[in-house]
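Which chain is which? They are A, B, C and D, in the order written, and residues in each are numbered from 1.
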């Protein structure tokens, strides 16, 4: 199932959404990486004299209400979104996948317990659990990572469990069991590689949702804190200027939308490439 | 009166290696009530022929040639007219009963669907028709309620439901695409007997598709042997079985173990046909069977053989058909 | 079927009990003292103690937990610290906003998403499919508060057709309420419809490859007929799952939309209650929500059994 | 196809007209006033939130005295009063023929009950300190009350005008939180939590009746939603508009007038005088020189706000302009830091409460102090955490808050206050101020107090919060300034 990277690319390049999504996502990661070395203007410095300038030669995309260059903030914001979404997925996979695998392997009351625990975490909509967490630990990008991460755990647990259950029914698993392997080793050696394509696809989609969640949290003032810029915060602060300086809201909104769309397209393309059943259909 | 005429049928499908001609230049005709068998290894295009007759081929396929049913070429019909033929004039039974029925719909509803569509009976008449069909296929409604779901029936029983659905509107032709392959042997016999009885009793023409020569022998009057999309030999079942001419047909028959043959003196090892069935896109220039044929000549490699008619109901596509001596 | 129900109801109650424990512990470690929030900067320490006594905050932890669970069972949810009004009344006044809004958004989203999903699936890889997919990509990608802002800018500020927000109150009649619900419903429904359309499409594509679809067509049913009569019902399982998740999200996850349209819904009540440390409201509201979500999941399970007969013997999906 | 299109456009058009028509007719004697913060309840004697007073003060509840729009003390329920020579006994003659909204009559015992309730042990009154000087409250007859003080208190009449000192009826006092019963020109009608509070004219009012029939206070916490609500005509006006950045747009819109006034809100960079480097006066002076007040006002408040050099409201006659004592001078600032032993600066923490003046002001102050080497980590906190960490436990270096209580320079005399400023000299000044009643003597003491805290740079005094009034141009009678936390609607009416 999990073919080598070269083969994935070979098939991928024929798939439209894989290509478009891939380029946008790559661009997004490059920008985020770039922000470590260079941004057109330093992001921390506030210079009120040049506030709310419209896009021009000096500031390509204009300046915000504190006179900071919007382009630099977008580049810096990209880094923030990558980190928040990336680590949040790490938490989601790190805790969710083992839970899902265990639920599928053990069945019985452990499965029931994990699934009910899943329902419980789904019970608290992401935003509310985020608000609770930031109220306890205080706002900040670290805490929003934890909040989004926690929300990812049940998603990965559910996906991993669903995929693992269908693999457990397959003959080659019976063969492995008859060879005396315990459920733990089977889960790691046989089940995990077979559901990894599903997990990768889910990861890209959760990455996109992670960026949206971070934007939502920043909107409520709970996400990344100054002086570190974030797209969500830029959008939040731009609201009151909607009527006479709309560009403040358009650029971050576009950045979020484009990145999330790119990641989703890439996820779709990846699903088609990795899932043999669908590959034949294209 | 010829019921069905297939003239020079060619079907091209999109595959991983680009468009490939899956079946080429298939010709045969059938009279009302006739029983034709189509035999060949899996992948030789027999199911594709059946789907072409039902015009159920995937959207991105191209079909050339003519299929004349009751005087009109169904390949030229628009989708609405074809729908009025499918299930009404031609019925089909599929191979895999476990997945061929809708798991969330009751069997009674699934059978009555084509009756509503084509015969336009009212509820009461349809119910009677369905009960009658259930009895015909050996699933009396007293024991098998119409509100049962597919997962509550065994493989054999589901195949009987499939048959009931296929013959619901008394079609002129019934196509059975390897109906018994997925069943165990004991049930296989019952299903084959059932199909044969139904075909005989209602005068339906039958096209039996199988890779099992025994099934073909039991149920058909004439047979067509196919290999990688071409028909290699066609004729009455008796002629082909006793006086096979094409090396591939001969190879097929010699691969069958005969019951008790091991007790005969001078036991012969089962001979298998050397080499592999070529991939669709790697088929040779001349006759497709050339690389595996012990009698292959230069001519065979150059050009695909034309049909040579040995008798009025036996023809073969080979430059060096087998003679009687070779078969000792 | 009955054991299936009994088992589920038991796990339901167990989960709720665990939820009460989790919520209580979380709120215990929440820093900040409700009394201080109410009395502000100049309050003196003795007034703070008087208030804390009045609110019963000084009782030991276990006593407070036990009395809360007892109250929960008897349905008396206590008095809100900040609003000094019975919590049940406060929550009720917010449910009559959030619940209809969630219902409206859910219906609109389903009415848009299922047909779009079917259209996309039935002309797979054709322009229509691409159109629906790009709509759904855009729908998912746009942050919903940005979309809400654009809606208000267009319909309320420039066209002045609809109010920019606020809730007219049910006693003001149906029309004003629907007018104030129109924009929030669209803002909530479109992103959900985008997700649901994608799920419907991929579920349908999966089912359309099954053998029984070919059997149906072999019976003379048209492509569309086979899709609506046979494929759709089989594709409902994943679709219903997503709808279940979406409805529980719509109940209280709409804090942002309630903020943009200043609607007095449950989302904002929770957000306000947490920042004002109105712990009684937070505790009871979160439990109510968990109960509602678990109830929704339970109903989704029942729907599974209704849709797919194979599930009626109690095996889990 | 075209036939269908015409029908659809017809429907949309008629829908549009119908909606617009209904909202225009009903504007005459009702008012929709927007407010940002929803009051937690409606009893001003049991909560400190300014939003409570902004709804009920002078509208529903009245006190013995009343603060008018210029901050002067006017007669309220006490029509007149006499003060004894030793300034320790006040005799209030009460208005006659006054009744509470529930019909109960207003007499002297209501005053006795209200004042004793506010200063008693179990009192939950947020401004209990206002009643500390009271020694006894007795009613001489049904409409005269005598109040004796332990020591002369110059601001006693002003204090009795606060929202926390309103007079309630014993019978309805406990229920005031959700069903306020007062003597004011408006009666409470209903409160849809999270959405709006509705008041109607009290036709049995003892004084000049209110001109409005109904007044609705609409709660809109989100500044962007406030802008849309005003633009869409849902709201008639905001006494104090939350988003100063959009005022320019309201000015250019013919439908609205923008009235910029002042408030009692001294917005300061509160400094923890006992914490690390800030113990040292030179460091505090360095900070004072590093604050560019004009940039802070332009950046955070978009130019609305008057710079201040001390903790006093500039519009008050006793104000002393001390901005010149610490002008903006980075070089001097760096030099002072070096003298104090921090040549290359130090790290610190600034905790910011939710209001936008704090969050935006904090970012600007942090970037300004970064120029002289003071690197501040910004930690935003909810009010609950601010009160707990900053106000109670003093776990902070710097914070930004606007003290909106009127005449509150006295807080610098409280040793336990979160500034951690303990100056016996200042405490003595405050005692002297309490003892003097003559206005010019009081103003002189207030001047010395202002000079002292400015010289000692107790806090970074930045600017006085402005009042951004935005309302429909046909409305008259709304206050320009807010000398006390209130939205007095008694004189509001429509013209056109």
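In this section, contacts are C-beta pairs under 8 Å (C-beta built on N, C-alpha and C of every residue); 3 or more make two chains touch, one makes a residue touch a chain.
Bear in mind the structure is a predicted one, so any value in this text is a computation, not a measurement.
The minimum number of touch steps linking chain B to chain C comes to 1.
With centres taken as mean C-alpha coordinates, the chain found closest to the middle of all protein C-alpha atoms is C.
Set against the Cα centre of chain B, the chain with the most distant centre is D. Looking at contacts between chains, the pair that accounts for the most C-beta pairs is C-D. Work out the mean CA point of chain A and of chain B, and you get 52 Å between them. Here the spacing of chain A and chain D, counted between their Cα centres, is 44 Å. Averaged C-alpha coordinates put the centre of chain A at 22 Å from the centre of chain C. Per-chain Cα centroids separate chain C from chain D by 38 Å.
Residue positions of chain C touching 2 or more other chains: 31-32, 149, 153, 157, 259, 275. Residue numbers of chain D whose C-beta contacts span two or more other chains: 222, 224, 231, 354, 382, 385. Contact of a single residue of chain A with at least two other chains is seen at positions 135, 239, 242-243.
Interface note: chains touch in the pairs A-C, A-D, B-C, C-D. Within the complex formed with chain C, the chain A residues making contact are 111-112, 115-116, 119-120, 122-128, 131-132, 135-136, 208, 212, 215-216, 219-220, 232, 235, 239, 242-243, 249, 253, 256-258, 260-261, 264-265, 277-278, 281-282. Residues 31-34, 36-44, 46-47, 50-51, 54, 82-85, 90, 93-94, 149, 152-153, 156-157, 159-167, 169, 179, 259-265, 268-269, 272, 275-277 of chain C touch chain D in their complex. In the complex of the two chains, the chain B residues touching chain C come out as 54, 56, 79-80, 83-88, 91-92, 94, 96, 99-105, 113-114, 117-118, 149, 151, 162, 165-166, 168.
By the touch rule above, chain D contacts chain A in their complex via residues 222-224, 227, 231, 243, 245-246, 248-249, 295, 298-299, 354, 359-360, 362-364, 366-367, 370, 378-382, 385. Of all the residues in chain D, the ones that touch chain C in their complex are 15-16, 19-20, 38, 40-41, 47-49, 121-129, 177-178, 192-196, 218-222, 224-225, 228-229, 231-234, 354, 382-385, 387-389, 391-392, 403, 405.
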